[in-house]
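I've put the structures underneath this note.
Look for chain A in each of the two complexes below; its partner is chain B in the first and chain C in the second.
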Partner chain A sequence: MGIQFRKVSHEYSFGQKGFFQAINNITLSIEEKNEFICLVGHTGSGKSTLAQHMNALAFPTSGEVEIFGSIVSSKRNKKIHYNDLRKHVGLVFQFPEYQLFEETVEKDIMFGPMNFKVSLEDAKTEALKAIKQVGLNETYLKRNPFNLSGGEKKRVSIAGILAMNPDILVLDEPTSGLDPQGKRQLMDLFKQIQEDTLKTIVIITHDMDLVYEYANRVIVLNDGDLVYDGNEEDLFHKEELASWSLNVPSTIRVLQRLKTQFNLDINPFQKTVEQASLELKRGMNR
Partner chain B sequence: MSKVKVEDLTFSYNQRKMILKNINLEVQKGEWVAILGHNGSGKSTLAKTMVGLLEPAAGHIYIDDILLSEETSYELRKKIGIVFQNPDNQFVGVTVKDDIAFGMENLCFSKEEMLENIDFFAKKVGVFDYLDKEPSLLSGGQKQRVAIAGILAMKTDIIIFDEATSMLDPYAREDLMKYIKKLHEDGLTIIMITHDIEEALFADKLVILKEGKILLEGDKSAVFHQPRLFEDANLELPVALRISNELDGAEFSAWKEYLWAYSLEK
Partner chain C sequence: MKNIVIGQYVPGEGFFYKLDPRTKIISIVFLMVSLFLLESITYLLIAFGLSILLLIAGKLSILRILKGLKPIFILLIFTFIFQIMFNKEGTLLVNQVMRFSVTSIIGIFVITVIWRFLAKYKRFNTILFFLYLAGLYFLLARFNYGAVLTTFPLMIYQKGLEMSVFVVIRLIIIITLSTVLTITTKPTDLTQGLEKLMRPLKIIGIKSEDFALIISISLRYIPTILDEANKIMLAQASRGSDFTEGKLKDKVKQVISLLVPMFIIAFKRSEDLADAMESRNFIPGKPRTRIFDLKFSYIDLFTTGFTLLCFATSIYLKVI
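Right after this comes the complex of A and B.
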């Protein structure tokens, strides 16, 4: 099942003024289970538009998207209950913390499931489960969401999506605005959720350090075109990186500088500071 | 004479929790100061008190040696401006031109002076071609430049950037940082609120906040020599330095020296 894009294009039109081709002839497949995908590309490359097609928030101008067996195309199909389809794929927008609005964290988390006609009692059970999943304890449920820190608010808004129990989780720049340790904690949390539930997670991000460390598949968009779909290791060996407006991860950049400066026999492709320093120690003994 | 002086500043939104505790800080003319801290450390609150958007519970703020108070805040608004995190939250005008004019209108500039300033500063920040466009049609980086033009047009010589790059993509961010560097070279005093160490490297002085208090302050090198305190404030040192700190032993000294120099490079 999962999600299949078949030759999907999407144009935004501006009345008489013309149109903007946001994504162009995209074909790709996202498995239902066990993927940790980072979706990257410069601003305006079509990442958010692509993400919105994953749960039928946007409809293709041409081509089709198959979401858990239902075909979404430019023509609305009355037989498809789009809301049911959206239960399969949970989409977390950028700055989800701005969307919190209830008096308590519990009510906020319950809002989604209640919208999908889950009973009050079941919604409460889901809220309790979800708050623990995002690494907060149950005392948070009675707190006012507006008195939480930025990182806590993000976690609560993600709990709201988890409570709907989607099969696939799509997050649009979840770490932006967080301090470095907050970023890492949130990425660790996604990794943990993915390992515990085997749910596929798709993350939109600009941070290549996080992509290199966490992703096991990277999808690159450039001016609406799919230009790379593969593993994180091969991506950073590509010569086209700069032309796709992508940075080289910091660890690789630092090790490449050292390698050149001191003519070292080391492999600069190391994901973490710990791995980089181990490689340098090995290099010293070579 | 310091440009900005913060004296024993304390702030709380309610009586229960202190957001800022006894902050003392001086920023000299033409200096670039980066204020770093974790989410919730009080960085943005400090920025807002410095421009008079929030009133401190205790303590004083001086801009060009004038005490910031209800009576002086109007006058001081000409001297210090702020660019916020979300470029969409600070637009008031229908067109870019209206937006640049807004601050000047509030300060009762003459029409001639306003028109002259709009053209001059729109050219300076590179948004002259967009003057009649709606701000919503601009990219994030362009929006932040419009905000800067509005501040410069008031002849302000101190600008606070409150996480002003955090919603931009890496290229727009780099571009804005280059521009801020240029402003600094022109003699502007820059105060930059951030948790991005790469950005803080541009500054002459780093101030690290933790839970509303100043934990550490000094030049880059002095601050980086305290890695534990730095991490204690939920911040990360530059990657080159973190790698260097993992290498123990005399045999690594040349590499470590190189990594240090590389970390401080901007």
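Right after this comes the complex of A and C.
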């Protein structure tokens, strides 16, 4: 089960003026449980298009995607209820403004579950659960979503998807436009959700610090091609990083610089600031 | 939705592309007026020939103009049929009794079903439509077995036929002229031309600059808003409200879930745009300069001359 991509390509056409190949011949498999995947790549590398294929919002031009047993190919199949696939895979868009529309936060969070024929009472309990999961308290439920701050809107939009209780959660740049502290809170939240429920979480991000710290699998796209699929440790040992327009996490950068500058015997591949300072201390005492 | 074309502007080269939009607008207004002054079908046919010559001179493909005629095809057919049915002057050309009998009604039903079934072959749509009309005529006029329910006479008069051809050709010329304008003029040039032409209206308090600004901003944001609508639809589909699935009861909610974010984003954007314009020192009502100013050249003079000639000729023909 889970999601399987088999030689998936997708191109956007612009009338007679030709087309743009967004993703190109991608084969990969996402497990149903217990993965924390970061999807990275430069702007326009096809990350969002790939994410939209994960719950049949976009249809491949060639190849096929298998989502929890249903095969999605270039033709719409009348037998498949695409709506039901979206209950398995929840996709949170980058801008919360695209999905908030109700008068209260509670109603907005309930919109998803209600679409999947959950009863009103159950939807209400789901909404309460979801708002707490994203770190807001229940007083928010009665507020108007348009009077919230950017970060709060983002949390509410994530709660709207969480309330649907999807098996796989896909988030398109959830940390963009947030301050560093907000980013970290949100990432901790996803980690928490993943540890509590063992759901697979896929996150699109540009922030390599967060990738290195949180991910246990990284998928790199470059100009629509899948160039790397593996763990976060090996990725930053690769020499092609610069050609994929990715930078190195700041902990590694700082430690590498210190290592060469002061000729220290340390391992620069440390995920957090705490680990980095411990390693530095160890290296200096040696 | 990404490849939407605003208006019908098609980039290209040729005589009409080089013309000043002001000349084009004014010429088309005058040519249309002179078209309505023509009274005989001979003159109209000459005008029709002239407009085809214009297309050839401007290196515009006639096929593309025909495409522009497509949306009003039904209108043309209706005008034609109404003129032919209700104009009862001149000599009688056709006198045929049409009979509605049980068999012919069944026949009509059958060919309607066949016609709708074949409608998916879009290329032969026009031919099929005429075949359908011919079939209807045949069934009503000749296919009269069984009990006759009711009859009506189909009478076509010479004047009716003339008038119907006349009206249809006039409509075709009008559409052709306006299509030439929209195909060869960028929406921005068109608004700029209109702005310049409406400048005299300042005396009665209409500010043409504001009007032009409103139009150009609206045109600019059509693709952006469509793109946004597409994204909102995807975001809501991701929450289980797919616009292509679901019952009528759900549809209402779906439309609301699309419209509310669209309006909110549009209001937000207009505020941002106003701030961005003001921060670049845009002051409403103050005169502004243009990067590309309109230029009036010798071909505009030539076109104006041609238009005035047409106009004068039609007035002359009307008066004598």
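Operating definition for what follows: the second predicted complex is superposed on the first by the 284 of 286 C-alpha atoms of A that agree within 3 Å, B and C clash if a C-alpha of one lies under 4 Å from a C-alpha of the other, contacts with A are read in each partner's own complex, and residues count from 1 in each chain.
As a convention for this text, a residue touches a chain if its C-beta (ideal position, glycine included) is under 8 Å from a C-beta of that chain, and two chains touch if they have at least 3 such contacts.
Every value quoted in this text rests on a predicted model; they were computed, and no experiment measured them.
By the touch criterion defined above, A:284 reaches chain B but does not reach chain C.
Contact with chain B, but none with chain C, is seen for A:276 once the two complexes are overlaid on the shared chain. Look at A:245: by the touch rule set out above, it reaches chain B but stays clear of chain C. In the superposition on chain A, A:161 makes contact with chain C only, not with chain B.
Contacts of A:151 after superposition on the shared chain: chain B is touched, whereas chain C is not. By the document's definition of touching, neither partner reaches A:139: not chain B, not chain C. Of the two partner chains placed by the overlay, neither chain B nor chain C lies in contact with A:263. By the touch criterion stated above, A:206 is placed in contact with chain B alone, chain C being left untouched. When the two complexes are superposed on chain A, none of the residues of chain A touches both chain B and chain C.
Residues of chain A touching chain B in their complex: 42-44, 149-151, 176-182, 206, 209, 245, 247, 250-251, 253-255, 257-258, 261-262, 273-274, 276-277, 280-281, 284.
Against chain A, in their complex, chain C makes its touches with residues 2-3, 5, 228, 231-232, 234-242, 245-246, 250, 256-257, 260-261, 264-265, 268. Contact residues of chain A toward chain C in the complex are 12-15, 17, 52, 55, 57, 81-83, 86-87, 90-93, 95, 97-101, 111-112, 115-116, 146, 160-161, 164. Chain B meets chain A in the complex at residues 37-40, 85, 139-140, 163, 166-172, 195, 197, 231, 234-236, 238-240, 242-243, 246-247, 251-252, 254-255, 258-259, 262.
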